[in-house]
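Chains: A, B, C and D, in written order; residue numbering restarts at 1 for each.
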């Protein structure tokens, strides 16, 4: 085995014996050797580290000779120069023989004993041992060989002796770094001044725009993506081309660290999709992003619910289980989409009519690193037929992502960073800029127009009674198998003009939640859950009144055991007359869906997509607007500070280097 | 290019790579290359750090980052493991085994196995750190700065998969005057490594690292295979370009590309042999 | 907990992390450290929670349900897959303490190789082939001269940068002279340029996050 | 040097080899019906071809999902040991871990902790990263005082300036735009191709059982 280090590892036969020339006068022992190794390394550290040379006070030129000087020479004799030209200490420890073992202190003795015990393990056992079969023993050079005979020349020996004289007195200063001297520790713990200046400069500049509007340089981003950024234009056009019922796979691939940069884009894109009537399948290969995505979608949903727009977990959006293993999980998603979707929903049979990536209209990726972009491009895009990929990335992922967008056919649009988010928001506002309160029915392009005040926020309870067509995609390859009523079935009893009393049950069982079942028997499948305090409208009872047929807030019908509820009557107007009350009730029901209770079944329903287009646009309007403009100005200031710091720091360094050379 | 052609090309590529890997191994084993690997200064620092760690009785810090077996960066994790194996082995004379850190849980068994197999010294206390989690893991970076920083390693060898969070580790290492070697298969991490680490490798050099550190001829075989493929790719691109520019042929048709691939392969192999002979 | 308390906690934690900037001062260093330790603890816990609730539990329930099946092989096969996965993981976890080295090694080999297979397939079909094709297809003759030149430049740049990775050099001159040297220099310049641009955009990215934190501090302070 | 293969390592390499070849072929070819002709049974053939890849993938995904346990176990053991070894700080970690789990169990699914503790610390760390990156950028030439360092600094400064929305800097923005469009694109492509190549070569080596890690 022609291993270029093997000679270093081979102990000399008489290594444990005191060598012949091992006189007391020869101080080239381990103790002498090791500190020198250390000191030399330290002096060779970059010159900008002032403390580095402190321990090497004796770091004269002479020290640099010695081992490093003669080692290359050793190597050259081997005719096989290796890149690594410094020796490993292990080898030296093993090779040391000039000093009687008994003179060494305990630790060094132990080190040495161990280094002798080390044999270079040879573990190359190839498959079918091809190498072995094809290699004749003659070709395998024995380790040791030439090299073990090499000794120091007289001149080298003299040099080394001289060195030993010079540094000998300090040999015992070998210390652990942990036991630094007091002064040194104090120096270390003092803040590094240039660094502190840099931080202060940066923080100051970033903070200024928040303090006073006088420091607001630079123009805010335009209200529309510029034509010279075709990829951003394509991104907007792509998302805007969605029609109601289209599914979009949204990959949320960023952790909380990038939330401040990418949340705005995610939020806008989701709202855009919802506003176009699309449905969202969220996927992520990052566990924390899984939780974070829940929060994002929940905040959208809660705001939307205030405007009477219901977004429903399981139909309008679905958060897929977290995909473990990065690219592998994404590959698994593209191979077994239906399976993952089913598992993500619990074991409720679902009407989700998708079973592969091909049922998506497009893929949308929000990512903070080029790696994630690469993973989705490599593992999902090839499996997605002709579907296109759109991406929103952080600035740090931009250069590489651009290389991909330019190079890969079905990778279409790209928006980057907070600036794009600002423009994106402005564009959405312009597109969906209809005030939700005064929505004009004429703009409704997708669903049968609801003529009677259905556009009012909060009035969707009334709308849902009307038989509007379900905008489920019709071109799905697999027929939907829904053993339960479709969302459009009579939801709440049709409002009548005369106030009437509505028969309800309230869940009173101390053991909450209780199951809502498909039929009047505990043997039936579970359809959903009801919680203590929930009220449910009663449609019917079974023969012996031991089960109530109820309608869930989503419009689905189910059965609940009489044991766990108490019957009552409420004025029917409360359910659809008073907006605020109905919203409040709605939200209290909605809050039952938040947070997701993993592994439990929950009612799923959809009404958002039956709401006219004009009102759906409200979902865009309803977003929280942060201090985006201020943050953008702070970003500009921060960039200026960064440029200043980098330019000045490097200028000083360059001048310093010139002075040192001159 | 239709799917079938792509798949056929892929299979061809994998097969050819396999053949090349085996051939290069055998060839390298027999005579060894007369050409040397181009010098990479970063590798020359490792022995010094190793010595320092032994002398000061501190653990070296070897970091996988988010390189994980079973995931898409398996190759990185394997190359790392190989590199770390050599470093640990050469560090075996010391009292303290190196600290390995990773943010990918699957790498924990691998790292443990590596220490167990390569550490020939005493103690053998496994010193593998996992911090949560995954790619661009600030938790991991912070964990390294706080926890491993406490152990005061003389140097950090950060060869694996890191994002920009590498900046935190490098900054804290510099503050404590610890040496750093950094390389990442993620570009953001690579850029940070280039700007802030004492020593850096670039991208692919990571995959050739075992060849440098071990000096093992067989490890160098991989570097050779990559060289060959790179040359072939360059030839392929150029040929496809020329053909495409000529516009004479309905280029990018499946069969044509296969022909080009085969011709390129043969040409490359011939060129390669000639250069060897010389 | 009241909104205010939560905001106060966030505020204090943010400041604790920022205390890192003050350096390794005796007491202050513990602020940063404890923030980091808290952070690692919670994020490990969240990772575990997500792993359990959103992965293992659904898998487990799925296996119990005879009505669903992962593959054409049916529910029995699912169960087999699931239990062997459990066994695999257990053996890997116990690798340091078991004597079944050959078995755990085989399992490790399977995991490694599967990962490698996915990586190889992905790298081939996702990156290598598409980028090769795109690179070669870059210059379209009917485009105007400027575009053509630009795309040719990208192409040549890609080639030279690829070349600069070449590991082997002639032993005689160490790769210091000749045409190879020139190409290598240009290629390296391109790579350094790319890295510089990425570094700059990484700074911008983290600056964006810094602005958010500062905005939060101000918002709370006000 | 004993070079006789052990039973265990052969088993590992052989099983790795078989699994690897199956997985690569299955993943590469399994989804393409055209490859199997259009005749009767082609569909079934393609499906059965894709099956091993699917099964293996599934198996691995579950193993990976379970692997989180390795990480957690490692973290807890290590830090318990550190607490025992007189490093009380590790106790903070253990406490916050236990606290989060406890919170999650008692406050079923409430994500408030995520927003209150996790988010601020992680954002603050990312913000801190900004400072370290700028500070690191300010001393590039101190460390690397050659033409490469100079080029690097130049590109960083130009790209940063180019990102500023100031009309006075339009020429610089143009340069930075050109940089990003041509040289950066070329360099990034080369690095991407290089990494893909590296993964393939190392991956294939692992498939062939030539990797030492398989023998742990």
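We adopt the following convention: a residue touches a chain if its C-beta (ideal position, glycine included) is under 8 Å from a C-beta of that chain, and two chains touch if they have at least 3 such contacts.
Worth saying up front: this structure is predicted, and the values here are computed from it rather than measured.
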item	value
Pair of chains joined by more contacts [C-beta pairs], C-D or B-C	C-D
Rounded Å distance between chain B and chain C, as computed from the means of their C-alpha atoms	15
Mean-CA-position distance for chain D and chain C (Å)	3
Rounded Å distance, chain A centre to chain D centre (Cα mean)	10
Residues of chain B whose C-beta touches two or more other chains	7, 10, 13-14, 22, 25, 36-37, 39, 68-75, 78, 106, 109-110, 113, 116-117, 131-133, 138-139, 142, 146, 164-165, 175-176, 187-188, 190, 192, 194-195, 198, 202-204, 226, 230, 233
Per-residue multi-chain contacts in chain A, two or more chains	46, 81, 123-124, 126, 188, 192, 195, 199, 202-203, 255, 257-258, 260, 287-288, 291, 324-325, 327-328, 331, 336, 368, 374-375, 378-379, 395-397, 399-400, 406-407, 598, 638-639, 642
Residue numbers of chain D (touch at least two other chains)	6, 9, 13, 17, 24, 27-28, 54, 57-58, 60, 63-65, 67-72, 75, 89-90, 114-115, 118-119, 122-123, 125-126, 128-131, 133-135, 137, 140, 143, 152-153, 156-157, 160, 163, 180, 184-185, 188-189, 191-195, 197, 199-200, 202-204, 206-213, 215-216
Chain-level touch network, classified as line, ring, star, complete or other	complete
Residues of chain D touching chain C in the complex	6-9, 11-13, 15-17, 19-20, 23-24, 27-28, 47, 51, 54-60, 62-63, 65-73, 75, 89-90, 92-101, 104, 112-131, 133-134, 137, 148, 151-157, 159-160, 163, 179-197, 199-200, 202-204, 206-207, 209, 211, 213-216
Parts of chain D lying in touch with chain A, wherever the complex brings them together	1-3, 5-6, 9-10, 13-14, 17, 27, 31, 50, 53-54, 57-58, 60-61, 64-65, 67-68, 108-111, 114-115, 118-119, 122-123, 125-126, 130-131, 134-135, 137-143, 145, 150, 153, 156-157, 160-161, 163-167, 180, 184-185, 188-189, 192, 208-210, 212, 215
Contacting residues of chain C [partner chain D, same complex]	1, 6, 9-11, 13-14, 17-18, 20-21, 30, 33-49, 51, 55-56, 59, 70-73, 77, 81-82, 84-86, 88-89, 92-93, 95, 101-106, 108-121, 123-125, 127-128, 131-132, 135, 150, 153-162, 164-165, 187-204, 206-207, 209-210, 212-214, 216
In the complex with chain D, residue positions of chain B that touch it	3-4, 7, 10-11, 13-14, 17-18, 21-22, 25, 69-71, 73-76, 78-79, 81-82, 85, 104-106, 108-110, 113-114, 116-117, 128-133, 138-139, 141-142, 146-147, 150, 164-165, 167-168, 170-171, 185, 187, 190, 192, 194-196, 198, 202-204, 206-207, 222, 225-226, 229-230, 233
Chain A residues touching chain B - in the complex, by the definition given at the top	2-5, 34-35, 37-38, 41, 44-46, 49, 51-52, 80-94, 107, 110-112, 114-115, 117-121, 123-124, 126, 130-131, 134-135, 139, 174-178, 188, 192, 254-255, 257-258, 285-288, 325-328, 368-372, 375, 378-379, 396-397, 399-400
